[in-house]
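In structure tokens below, several structures.
First chain A sits with chain B, and in the next complex the same chain sits with chain C.
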Partner chain A sequence: MDTIVCLKQVVDPELPQWDFAIDPATKRQVRMGKPLVISTYDENALELALQLKEKTGGKVTALTLGPQGEVKDAVRLALAMGADEAVVIDDPQSPQRLAADKASVLAAAIKRIGRFDLVLTGCESADWVERAMAPFLAEALGAACVTFISRAESRDGALSVRRTSEEGFQTVDVRLPAVLSVTSDEAIRPRLPKVKDIMAAMRKPVANWTRADLGAEDAGGAKGVEVKDVSIPERTTKVEFLEGEPAEQAEALVARLRALKIL
Partner chain B sequence: MVQGLARDFATREILPRAAHLDHTGEFPKDLIQKAADLGLMGMTVPEQYGGAGMDPVSYVIAQEEFARASAGVQAIITVNNSLVCDPIVAFGSESQKRRYLPGLSSGKDLGCYCLTEPSSGSDAMSLRTSARLDGDAWVLNGTKTFVTNGVEATICIVYARSAPDPGAKGISAFIVEKQFPGIRVGKVEKKLGIKCSSTAEIILDSCRAPKENLLGEPGMGGRIALATLDGGRLGIAAQAVGIARAALEDSAAFARERRQFGQTIGEFQAIQWALADMATRIDAARLLMYRAAYLRRQGRPYTKEASMAKLFASEAAMWASHKAVQIHGGYGYIQDYAPERYFRDAKITEIYEGTSEIQRVVISRHVLGAR
Partner chain C sequence: MPGILIVASALEGSMGRSSVELTGAARNLAGPLSLPMSAALVGQGRGIGQAVETLQQYGVQTVYRCEHPALTPGQSDAVLAALDLVVTKAQPELVLISADTVGREVAPRLAYRLRAALATEVMSLAVDGRAVMARRQVYGGRAIATLEVTARPAVISVKPRAFDVPQPQPVRGTVEEISLTIDPEALPTRVREAQSERAEVGLDDAQVVVGGGRGVGGPEGFKLLEELAAALGGAVGSSRPPADEGWVPITWQIGQTGKSIRPNLYVAVGISGAAQHVAGVSGSRTIVAINKDPEAPIFSLAHYGIVGDFRQVVPALVAKIKAAKGA
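So, the complex of A and B:
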């Protein structure tokens, strides 16, 4: 099973809320000076790819698109965790771009990598939460697509996956090649690389491509979509004290809750 | 990336258990094994001996992360790395390296460092434990005290007087396995902080160690002990920086949330200044530590710089944790919050591997150019 995992680097979503800021010029989250990590579900996708490789053999390639200087660590970490090869597509503008555009570049890169059975992505990115990458990629690659999968099992060349939905889960048999978007599961806990694997990862080669190399210089995939404005939702809390004896307070409370349509 | 690994390990594995380990004083055996599996017990041991082959700068970066989560757990790890693996790497024979480093790196073994004695602490070179060659074995007699990891350790670096010369000259270093006849654990100390690391007496009662277990040459022990402490002090500086950072991070979070007089306490200038001073001292300490580690990486002398880093960082940790308790008010004094633990843990960094007074002695010697 040859797998390509798409990894996006985002500002560490674990940072406290007060560290979150929006750049009014780009209408995107401020990245400068913030610690960057592999987006949470992308790391799950990588872990799942590594687990599949351990069971069925094959090769795992880590693929990332972003400003080269920033994303190096993501692919190095992927290599340290056990990916066999890594490709970086340098695009300083990528944090500003939307999924459709980025998907066309990634698809071009995947075609250039060549043979693959699976492409894995996270089910959503920790910063922008578009949930669109897997379907876009599947379309561009002419591959099957299943989103929000939490498990995958290979059975004589075919793949059976568990898809998480609001009602529960579905078991889906997928033909290959396929693009899967990965959510979380207790069995997918991204591994910590050993120190010596980190050292070894520093010595592994990383392929560096540009958008131009892929003939995707002006993909224009985002045409028709424009981000007009972004804002941080304001959360306000208000405390109301209900006066009176306990019985009156209880009555007033019920009335208030009814008025607020909570009861 | 090593920092990322250390931080992930610290936040996922150590932090959730830090309070429990402090309250119970339990030795976190499984945690140490996990650390070893990741390559964190023999970090700077060359790869051919089973280590991770890391450089001294990455080493202190990682140690800070462990200490930020739990100074007790970090103490266990740093002793094994700095005080036990280091001298074997630097002074051991090829066969000693091959015999001991893989086990110490893999978690099969745990190391301890036996220098201090009841009547020789700061004046370590006046130690009295004796070593006498008897046929094919060294016979060791004496009592070592305050030995970190003393209870669980399987490999001990023991310093003993093998010749009548006073001071450093007559001292030799030995690799003593706990299973050798005549070595046992004596009193186990109860202490203020770093509770999950054991501190014990090691009693050598005609303990026989094979002749080939002498580390380095006879009479080299004093040099080995001091060279080892230079590296060890970087580990303690990192411990102090980690504790101080924990104190600052907790205090900043608390100051944002806690409201009094209709505003968050972080809006009071008194609190802001405390946080600013904490942050500044911590950065200064960290930079001193990085400089010393960098000199070490380049193979240059770093004794003075290691002492400066250890001195400044440990005093910064004591000061910052004291401030953290104060910023937390009553919550800082009770065990449901971490600052009282930081406060207790910080104190040891001013004492072991050379008290603050001894660091000043070392630094002033360099300043005055005296030997």
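So, the complex of A and C:
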């Protein structure tokens, strides 16, 4: 199974609130000086790709689109975790672009990479959360599409995947080639590379392409949607702490809930 | 009929609340833009007729009725095949889809096929001139983005439970049958089996929700939370760690990746209050936090705070609630 995993670099989404700021010029999160990480669920996608490779063989390619100077750590980590090779598409503007725009570039890159059975993405990016990349890529590549999966098994040249739904899980049979988006699950917790893996990663091939190399036009699909404003909502609530022993705290809360007619 | 097309789902055999919420979302746009509202009703089974009536009750003028045995839960490819036909016929300016399991897959794919603009996971909608102003959470709920959608057609996916069920606005509408030829064998994806983890009281619609976090420590801790939820007549949910660890079903997860809820009362137990969790509960009317750390960020969101070990606080609370109810 040859798999291409799309990885995005984002500012660490778990930074504390006080460290979060919006740049009024770009209307995006301030990146300067902040730690960058592989977007949470993209790491789960990579882990799933590596587990599939361990069972069925094949090659895992890490594909990332971003400002070239920023993505080195992400690429190094992906190769150390076990990806066989990496492709970097340099695009200094990518943190400002929406999914539709980036999908055309990623699809062009995937076509240029050539052979693949499977393309994996995270189910949502930790920053912009559009949840649109896998479906877009599936359309652009003429592949099958399932999102929010957490397990995949190869079965008679096809895949059987487990998708998270409102009610629980669905088992879905998927033809190949397919584009799947991956959510978190205990079985696909990203592995931590060992020192020897990190050393081995240095020798793995990394291709550097640009948007222009891929003949990608600007703002193809994202036309007609503009980010007008990004603002941090103000919190106006002020907490009332209920003091005392647990029984007194409970008593006080019950009184408040009664006053609010919740009880 | 050019206008606003909502995608109403009766994949489960009857139409759910999210489809009615879409009529409410569409109304924010239909009036100011003077656009008629139509619906693509996709599904199978007896509930379809009732669904048509419900849609008309909520102001849908034209229902494109797509009925086919392949239109079952999770069957995105079949839904997309139906929508291909409906949009060709209806030529809508705006398409509104619920961002549920199927909608999340279908919305971007439909947008791609129509070369349409796309806004996903939208939580509020307004009009400015001819533009649709769509607001949504970004950065784990730390910020709200306003997207200006000027292109037509545009596809907008709407977060379930972000919009209220609107007041009925009955119209006498028309129904157009869409005849579908879908070969289930030919679809690239097929749902083979579904495993339901639905709790007795559904999280989405509960008026009271008790959420447990990593601080609850394991499945035994959640038993205490279930007792509290039962005493309050509500449902139990969780932050991500308990769902990831398998202490609770994944369907209990609340937050950016999990569900968004807006109950009357949310009680957060052993939850620190990370942005991605808060993203799913900030619409709750009253929030109570129980946490042993007085500095936990959840207290900057809560209306009432109890600093303490939940193992003592929760049983005390259950006892007092029972006593209060008995009185």
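Everything below uses one rule, namely that the second predicted complex is superposed on the first by the 236 of 263 C-alpha atoms of A that agree within 3 Å, B and C clash if a C-alpha of one lies under 4 Å from a C-alpha of the other, contacts with A are read in each partner's own complex, and residues count from 1 in each chain.
Going forward, a contact is a pair of C-beta atoms (placed from the backbone, for glycine too) under 8 Å apart; a residue touches a chain by one contact, two chains touch by 3 or more.
Values in this document were obtained by computation on a predicted structure and should not be read as measured data.
After overlaying the two complexes on the shared chain, residue contacts for A:Glu251 are found with chain C alone; chain B is out of touch.
Of the two partner chains placed by superposition, A:Ala207 touches none, neither chain B nor chain C.
By the touch criterion stated above, A:Val230 is placed in contact with chain C alone, chain B being left untouched.
Contacts of A:Ala100 after superposition: chain C is touched, whereas chain B is not reached. When both complexes are overlaid on chain A, the residue A:Ile262 reaches chain C alone and has no touch with chain B. By the touch criterion defined above, A:Cys145 lies against chain C but remains apart from chain B after alignment on the C-alpha atoms of chain A. Of the two partner chains placed around the shared chain by superposition, chain B is the only one that A:Lys196 touches, whereas chain C remains out of contact.
Which of chain B and chain C touches more residues of chain A: that partner is C. Judged by the touch definition given at the top, the superposed model places A:Glu124 against chain C, while chain B stays out of reach. Contacts of chain A with chain B, set against its contacts with chain C after fitting on chain A, overlap at residues 16. By the touch criterion given at the top, residues 13-14, 16-17, 20, 22, 27, 29, 41, 99-100, 123-124, 126-132, 135-136, 138-140, 143-148, 160, 163-175, 178, 183-186, 221-233, 235, 237, 239-242, 246-247, 249-251, 253-254, 256-258, 260, 262-263 of chain A touch chain C in their complex.
Chain B meets chain A in the complex at residues 1-2, 4-5, 8-9, 12, 37-40, 43, 47, 52-54, 253, 256. Looking at the complex, you find that chain A touches chain B at residues 16, 18, 37, 73, 76-77, 80, 192-196, 198-199, 201. Residues of chain C that touch chain A in their complex: 73-74, 76-77, 99-101, 104-109, 111-113, 115, 117-121, 133, 136-140, 142-152, 154, 160, 188-198, 204, 208, 232, 240, 244-246, 249-251, 256-257, 264-265, 274-276, 286-289, 294, 297, 299-308, 312-313, 315-317, 319-321, 324-325.
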